[in-house]
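Consider the two complexes below, in which chain A is the common component and chain B and chain C are the respective partners.
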Partner chain A sequence: MIVLQNVCKTLSGREVLKDISFHIAENENVGIIGLNGAGKTTLLNTIAGMIKPDSGFIRSGGKESLIEEKQALRKLAYVSGTRSQLWETLKVKDSFDNCISMYRLNRKDAGERLILLADIFEIRAFMDRTPEGLSLGERMRCEMVYALLAQPKILMLDEVMNGLDLSIKYKIMGYFEKYKNERRVTMIYTSNQLAEVEQLCDRVLLIDQGKLIFDGTMERIMKQFSPYYRIEIKISEGFPDFEDLPLEKYSMDNDGLTIVYDKQKIGTAQILKQVMEKCKIKDVKLFEPNLEDTIKKIYRG
Partner chain B sequence: MGEVRIALQSLKMSFSTRMQYRVDSLVAALAVFIRESANIIVIYLALLKFDSINGWNVNEMLFLFSILFLTYAFVVSLFADLRDFSRMIREGRFDRLLVRPRGLLFQLILNNADLIASVGHGTLGVLLFLVSAGKVGIHWNFATILYYVCAIISGILIQGGMFIIFSSLSFYFVETNSIREIFYWNMRKFAGYPISIYHKLIQGLIIYVIPFAFVNYFPAQYLLRKPDMVNYNEIYIYIAPLVGIIVYLAAYAFWRVSVKRYYSTGN
Partner chain C sequence: MRAYLEFAIKKFQDKMAYRLDFFMGIVNTAITILVYLCIYRALYGNAADVDGISYSMVATNFVITLGLSNAFHYNEMFLQDKIRDGSITNEFLKPVSFILRLLSENIGEGAFKIIFHFLPALGITILYTKLCPPESVLGLFAMFLSVVLGYLILWLISFIIQTWSFWLFSVWGIITIKNVFVSILSGSLLPLWFMPEALRGIISVTPFESIYFTPVRIYLGELEGMELLWALAVQIMWIAVLGLIANAFWKKGVKKLVVQGG
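And then the complex of A and B:
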């Protein structure tokens, strides 16, 4: 159980966390989303106990700070690109070896786990290299394996998908989904991608400029603040007529048509049908909603 | 047992990192050895002009030096991360230790060994000991050997404790290297000579504030019994092997208090 009550924090003159309150139950999967600089990482550091709030109340598993409690730390994994657990000058596999001793893991079990994880995260090819020679995405994959070796009960993942190729990203997200369902872990996942959080988390905390502006299910964010979709259509002939359609916005130039709409009010198929009645379509591009638009909508209520 | 395993593993890792650049590492260790030896040779040549300084002859002074180098060889292999601690904080490499389920000092002490400096200082220390120990009239028996070993351990703890204290200051100040430069390295230079030759103020500093006198001067007095010991209380000789434990515990307490500041300032 993680509890935050009216937590405020100012760092170098900037209010990074403004009066934040929420609870996270055991086994809950929570996504913290926000734009860059919204305060996600500071919030995560605060939950871990790395940063003490200026005011407000915080308890993680009954303690003021997770990281001052060695027993609690054995069950915690905090993966972050800015706090590498790998040793720069050592081969990646030596860092894993170090992890096994540090966390007092059973050598045989951990070794078997490592073989499995190395396959899933596709890191086998660079276990014999030092992290210096790896790309950001390759390093992050090794960091995740390091974290999962100790089979944590609390998983804190800070923008871990940055720099990953799409195919491996979906594979890894699939693994996390399985991991959290099988082991009943508490997962806190930060990202600026709605889609990632939608797949992994039941609940969303949306942070903007240090304030918690939304706390609820992913379903609700999609329904209530269903972000706008955008569609760009290239037309070779004719003029469309949208008089009676509930669109948010549309504009036209040369042969291009841009339509912004709310999926709760009107479906994509209906728009296309309407356009096709009057025009010949050359090309269609669909843009999924982004975080900025969602945040704008939440502010508007 | 896990601790021993981690210690051996870390040593192996430090070693294999060094061995990736075998020739570089050997040259670097040799460079450290030559640099330190050059200082000693200059001092040695200067001392040949005098019969003795405050009753200490050249060999006795080399013996005094040998303790400094021997203890420091262990200090740099154990406390290397604490020696470079302010840089570690600046580069953000300290944060990762916070989320691991082991004590912070435990990790800092075990993680990194500066084997190059260790070999350089250690070789010189052993050489100086071999050159001097047979000529200064020490009667080596069980008691003197036991005392000597305890004094070396205590000397390591005194200097390690000081590194911990200077590292703790990094939680309060951005720049701590110059403080350490003044108090550690300058005092270490003074400690190469019998402290009785200095002004009372410096003697006070080196006995009570930065207790280098307990690293080599008082232990050497137990073995050599030079006349200038009349200036000091005899008890100092006997507590020298214990001072390390006291300094280290004090340093540990100061570290525990100071590291809490790291959390509230937000790294």
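And then the complex of A and C:
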């Protein structure tokens, strides 16, 4: 259980958190999204107790400052691209071994869990190396295995998919989706990719310039603020007609056509059908909604 | 507990990996001891003793204090480096005490150096010069205990200064000064027997006497019975006092970092 009430924090003259209040129940999955510099990482650091708010009330797992309570820390795992849990000088597998003793895990269970996790995250090939010898993506995968090995009650994942190849990313996302549905963990996931959060989290906190501008379900974001999709079509012949379609905007140059639309009002298939009736299509590219447009919309709405 | 033991063992094994360092360590320790013994041999000339202190006593004092101080040498800039590059925050999230973890690692390193640097160098020294044999088996055990306690005192003094890097840009200078103080006031440069009475009095109320000199006196049989117990009690008292101070500085430093935002 995590509670924040009117939390404010100024770091080197910049207001990083502005009057933030929310409440995360046990075993809830929450995504925190925001652009770079929105305050996501500061927020996670504050939850972990690594940053003390200037004002406001905070409790994580009943503690004001997790880092001062070693017992409580055993229930937290925090994976971040900017910080390492692995020991820099140890082989990755020795860090795992050390994790087992530090978190006082059952050796046999943890060993079995490690075998499973090593397969899912495909890290077996480089467990004999030290973190220095790994690429960012490889290191992040090891960091995630380390975190999951500890079986935390609170799992914080800060932009962990950065640097991962797409195929392994989808595999890991799939694993986390399954993991969160078992509901034994309070998961907080930050990203600047709406699609990641949509797949993994039931609830979304949207942070912009230190302010919490939205707190609700992903469905509500999609319905209420229905982020725009964009489609780019290359046409070899003919002229489309969109007179009666509820598009947000469209533009055309030479043979390229760009259409911005709201999925709540019109489907992608319908647009394509309309285009194909009049023209020959060479190529189609679909762009998923981006965070910036959504944030703009929320401000307006 | 198991985690801390593993930290110590890991560090011990780490050190084993460096073969050259291992041999150079023995040579370094042996040369240091032999050079100082030559100086003292020259200073003693033909005299059997000076102020009632024999050459063998001085030699023994040197072998133990210089040998141990070589063995107890480790990277004292560790905390400062961690604070500078920001990786100190990685430590905050570990569910183990940072102080005990660092202590365990340094003990692992110290144990390696005692076994692989100090003991071989001691062997070389014994071939060259005659040292005082231990007074009694009990005294030898009491000395081992006292060496461990002395190490903890030395370590805590170093750690307290290391924690100042939360506030200071660099603690390198202070550490250097500290090391000079330790080598003079603990009797590793000049045995405390030869210190002026007044200075001896001052040193006896500082933790420095408890670092090397107490173990040496126990070994030589200068402390026995109640005196021995008292000397050990003083060592433990210093560990408690310095431990509290070290913990307070560490806590304050962490708090400062947490308020500042890492």
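Heads up, the rule we're going with is that the second predicted complex is superposed on the first by the 300 of 301 C-alpha atoms of A that agree within 3 Å, B and C clash if a C-alpha of one lies under 4 Å from a C-alpha of the other, contacts with A are read in each partner's own complex, and residues count from 1 in each chain.
One rule holds for everything that comes next: a contact is a pair of C-beta atoms (placed from the backbone, for glycine too) under 8 Å apart; a residue touches a chain by one contact, two chains touch by 3 or more.
The structure displayed is predicted, hence computed values, not measured ones.
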Fit or clash - chain C, chain B, common chain A: clash
First (chain B), second (chain C), both or neither touched by A:48: both
Partner chain in contact with A:67 - chain B first, chain C second, else both or neither: both
Which superposed partner A:113 touches (first chain B, second chain C, both, neither): neither
Chain A positions touched by chain B in one structure and by chain C in the second: 9, 11, 42, 45, 48-52, 65, 67, 70-71, 73-74, 76, 78, 83-85, 89-90, 94, 97-98, 101-103
Residue ranges of chain C in contact with chain A within the complex: 2-3, 6-7, 10, 14, 87, 89-90, 92-97, 254-255, 258-262
In the complex, chain A residues that touch chain C: 9, 11-12, 16, 42, 45, 48-52, 65, 67, 70-71, 73-74, 76, 78, 83-85, 88-90, 94, 97-98, 101-103
Touching residues on chain A, where the partner in the complex is chain B: 9, 11, 42, 45, 48-52, 65, 67, 70-71, 73-74, 76-78, 82-85, 87, 89-90, 94, 97-98, 101-104
Complex contact set, residues of chain B against chain A: 2, 5-6, 9-10, 13, 16-17, 92, 95-96, 98-103, 263-264, 266-267
